[in-house]
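To start, the structure under review is shown below, and the notes come after it.
A, B, C and D are the chain letters, set down in written order, and residue numbers restart from 1 in every chain.
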Amino acid sequence: MSKKIVMALLGAGRIGSIHATTVAQQNDVELRYVVDVNERAGRQLAEKLNATFSDTNTVMADGEVDAVIIATATDTHADLIELAANSGKAIFCEKPVDLNFNKVERCLKVVAEQKVPLALGFNRRFDPNFSALQQQLKAGRIGELEMVSITSRDPSPPPLEYIKVSGGLFRDMMIHDFDMARWLLGEEPVEVFATGSCLVDPDIAVAGDIDTAMVILKTASGKLCQISNSRRASYGYDQRVEVFGSEGMLRVENETSNRLECFDSTGVIADKPLYFFLERYAQAYRQELEDFVSAIRSGDEPLVTGNDGLEALRLANAAFESYKSGIPVVIKA
Amino acid sequence: MSKKIVMALLGAGRIGSIHATTVAQQNDVELRYVVDVNERAGRQLAEKLNATFSDTNTVMADGEVDAVIIATATDTHADLIELAANSGKAIFCEKPVDLNFNKVERCLKVVAEQKVPLALGFNRRFDPNFSALQQQLKAGRIGELEMVSITSRDPSPPPLEYIKVSGGLFRDMMIHDFDMARWLLGEEPVEVFATGSCLVDPDIAVAGDIDTAMVILKTASGKLCQISNSRRASYGYDQRVEVFGSEGMLRVENETSNRLECFDSTGVIADKPLYFFLERYAQAYRQELEDFVSAIRSGDEPLVTGNDGLEALRLANAAFESYKSGIPVVIKA
Amino acid sequence: MSKKIVMALLGAGRIGSIHATTVAQQNDVELRYVVDVNERAGRQLAEKLNATFSDTNTVMADGEVDAVIIATATDTHADLIELAANSGKAIFCEKPVDLNFNKVERCLKVVAEQKVPLALGFNRRFDPNFSALQQQLKAGRIGELEMVSITSRDPSPPPLEYIKVSGGLFRDMMIHDFDMARWLLGEEPVEVFATGSCLVDPDIAVAGDIDTAMVILKTASGKLCQISNSRRASYGYDQRVEVFGSEGMLRVENETSNRLECFDSTGVIADKPLYFFLERYAQAYRQELEDFVSAIRSGDEPLVTGNDGLEALRLANAAFESYKSGIPVVIKA
Amino acid sequence: MSKKIVMALLGAGRIGSIHATTVAQQNDVELRYVVDVNERAGRQLAEKLNATFSDTNTVMADGEVDAVIIATATDTHADLIELAANSGKAIFCEKPVDLNFNKVERCLKVVAEQKVPLALGFNRRFDPNFSALQQQLKAGRIGELEMVSITSRDPSPPPLEYIKVSGGLFRDMMIHDFDMARWLLGEEPVEVFATGSCLVDPDIAVAGDIDTAMVILKTASGKLCQISNSRRASYGYDQRVEVFGSEGMLRVENETSNRLECFDSTGVIADKPLYFFLERYAQAYRQELEDFVSAIRSGDEPLVTGNDGLEALRLANAAFESYKSGIPVVIKA
């Protein structure tokens, strides 16, 4: 039996709890510490998972801690990553590293110097649906890829207070789709055109953001990708992807909680899509942590690295610039 | 260009009109006569289709008439078939030949003696869905056939007056499913078990009939077939077939008028099945007449013959007997 | 019974034959003339439909001719429309009126002066699927419309000779989607961004065209529409539309020739989309002619008018300009 | 926080391990003992779940043990249930209690006398699909229930050695469907007709069993139910249910591992059903244990009781008798 991997959780909020519970259930992983600014929440989670409530310094100082999971507020990610890297810990960090491109670059430089693995929480790559699609695409199932279509809509907008500090729709929401696009396209986009509107809630416009957007990406070889976002889909979390190639098309339809259909005088009614990311991506959240643990053991790169975070942010920034200027933006690598 | 086939329609009701319109649109077919006890309806249809309103004797006496379409009341079918056969006409007759087995046998004997083609209106075999299923089955797509499941439900019961003279659910409604079963099984059932209830309308029980039924057929080699009937499906005409074999399953889902889906807060709503036989089998009605015309030209047997009517009636009678006695009935060929 | 409408067909090619056959089967319509530069084809169709093979001058001079169907080569449309308008005939013309915007404007001016109805063959509006979608959208089924997504892919590219004179992908192929977009958006786009590639066949690039394209349209109120085109979909004619609104989403999936599914060890296999426009839009071709006849009788406008052709061409031209310049183009009405 | 429930697992095989892992992950449940005739397997599981490997006597003697999970060989179930009941433990037992009806009756008498809860592992009632169907049925979603259709096919037959001691298809396999039928019908069947064949593997016939079966159940009020079984479905575990009522139909389609579709020149290919019960009913296995724990806490009856096992066995026996005699069997309660 292999040596236990010792982990610490930084940030005991909703998504942090999910990650901690996942690793606590894995064999050969010990969740030793839970850290949170909210002592009550932190202690409660620690107790439930047989871990110790502690603080960041203790975690970093404990030489037996192999890895940290960072699920704190966004603006603390970069500093914690650097701290963990300098302490020689493997790092799993919720997206994004930071909303500031330069800060991300500096942070990744530290990670690179310390040669620690950094996995980023672009959870969708681990969804069994998208994962199967990507594998079949890569295996040549539809020949040469030509077009990607990504539909990504949240069931309802986040609170205005969140929107104000979110970095805006392109950096906060569509960044997941930019990562999906990069992953599927297999080459970097060289041009972004973005447009958008505020159709869902005028207060979002007042807060300086949009809630509805469409984007077209183009790669050097001429592959095209369209992305459609809305902050509000009355029928639930709309998460679909299509890839079109020289020999066919692969598409992923929404997941539902069951396969029940009702035939009545009004039609045939099936279940609507799962409500939101916690439901839709429950399995993906487990898979991404398993990938992280497996990467620590094998020494291989995690599936999603810090660089993927940087490149997705580059696209999000370019999309924002395109939206503001009204013209396409050329991506400089 | 081949010689025109001259036809006459006997019975200008709803289904007769459909058949007459179909043949009138075919090249190289001349619809010469329309006959009906209702002179007004007959004349109207004749005028619309550039045919002559006439009577049965004239039709039979006209040596240029190659074929007749019989769509009159059920109790006139057998006599008209014999008359047409004795006049040397090819015959397309709506199902059934007759509700009396012996009378059907006598009638088919006349047809056989006169060596005229007799096509029977088991329209479902011509439905593009069931036709594709049967072809793939026959081509070995699912290996060796083992089980057949037929679901067949009408949107609403016919008038009580009709039910009283219909011959009962097994002979009037399930007879279509017996034909489907024989066609798909590829061998004759040797045993029938039938059960049923009156759950839709108590007046149907008063009239001596049932409105809900289930049947199991078994062939000599052990193949099984289940049939489920109801006189009332609130969501429309439910017409589905499944065939299960050693290497897979083929199934036909209901047809709908469009492929529109609505995603909203109540679920995903698609169109319900087409309302009834006129909608669902519109194409089948055209195909069966084309098959008839083609059989006349080629001299080949029509796809559905008088004998198919006889055998389906044999199963219906056995099912009725099983329902009455409460035990399975062995089929004697 | 109402007076017969007398019609003439100009252009007895594939689509002309379909239209002529449709009207010949309608009650109260007389197809009197068939005109074609290919005398053999014209005479053959005329004979089949009991019409007279003739020439344009005779058609225009026959005061009993109420309407003409123009299905000739594209570059003759505008002249024939003007001629027919000046002869007081109602006009059904295959799209486009012309590839030159100014010529279309001049032509429509003549039509307006002569006050004759001009129906244009944007057949997709008459597809039962898109028609149902548009009706439900208009009826408020999904609240306020926010986004439209149109996927439109041909099974295979046309001959290079055709591509060279086609006006290019935006004017020849995507023009159908621009019409669909206008119809569904319910307001005119004010901005177009178009991009494209040649990924299917390099000879298409040599011919100065593209075979793969994506477009985003934006209206004054901020509604967005994305269109995706390819000249080659290995799985058949891909014709799908989605409309997204404040209370839900409506979408139309592809039509197939049957509802048969095969379950086997490789998965569940269903029918692929209908092959091409003749199969997919067979019913739409009938419906658009019925709408034309009905418009002649009622004096109402046809569902698709010359102006719709003009506006779709305006969008196609703007898209081409955007594609060439690489930046969005503002539409000037 | 409520008192911990202390549990012991009897039988550390495949399904026992699943149950033990499930309860070990629940809060407020302590899995104290693992018992198995195979010491190595038992110790391994015990170690993994932080439990103690022990023996039945120790378990029964430990007054702190609240409940036992019985997942041993079928022929030990009844004795262990009696032993546990006499020791005052709550009992979760894999189906069946026993293959002998009288033995089950005696066993349930002991359970009743000791007033301990006995939950039986008819896992399918806990499947989210069938559970949703049953809830909507009960809530009146389709009006008055009239017909039930159950399709239940295994991907491949069990080993012949298993078949020989299994009790036969009706008692081993279809017993799940009899429970489903009873649960959905809402009243007890009063008549069973069963027929079957050996079409999959002739060795199964040699072993005195069948591999293909169809059954019809009828209740006193005339409700009908059809069940179709096969020991081999090449496309995976086929588990579907339909309920038909006065106002509509509810149906559950098979679950798949993803919602990926591939459109190519051969058609549209989707995922086949999940392979077998471990995959399909993974969630149901968790839910049934949660129901058991919740029943212990609340003092309410578990969803599936010993009596449900008895009644399903009564139907299975009647079906076997009907199959042997060739005539329907009346159920005597």
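Remarks
One rule holds for everything that comes next: a contact is a pair of C-beta atoms (placed from the backbone, for glycine too) under 8 Å apart; a residue touches a chain by one contact, two chains touch by 3 or more.
Everything numeric in this text was worked out from a predicted model, so none of it was measured.
With steps allowed only between chains in touch, the distance from chain A over to chain C comes to 1.
The interface holding more C-beta pairs in contact, when A-B is weighed against B-C, is B-C. Distance from the centre of chain C peaks at D, each centre being the average of the chain's Cα atoms.
With centres taken as mean Cα positions, chain C sits 40 Å from chain B. Between the Cα centres of chain B and chain D there is a gap of 42 Å. Averaged Cα coordinates give chain A a centre that lies 58 Å from the centre of chain B. Contact with two or more other chains is made by residues 233-235, 238, 247-249, 263-265 of chain D.
Interface residues of chain B facing chain D in the complex, by the touch rule stated above, are 143-144, 146-147, 149, 151, 153, 191, 193, 195-200, 212-214, 216, 218, 222-224, 226, 228, 230, 232-235, 238, 244, 246-249, 326-328. Against chain A, the residues of chain D that register as touching in their complex are 25, 27, 48, 128-129, 132-133, 136, 141-142, 247-255, 257-265. Within the complex, the chain C residues that touch chain D are 233-235, 238, 263-273.
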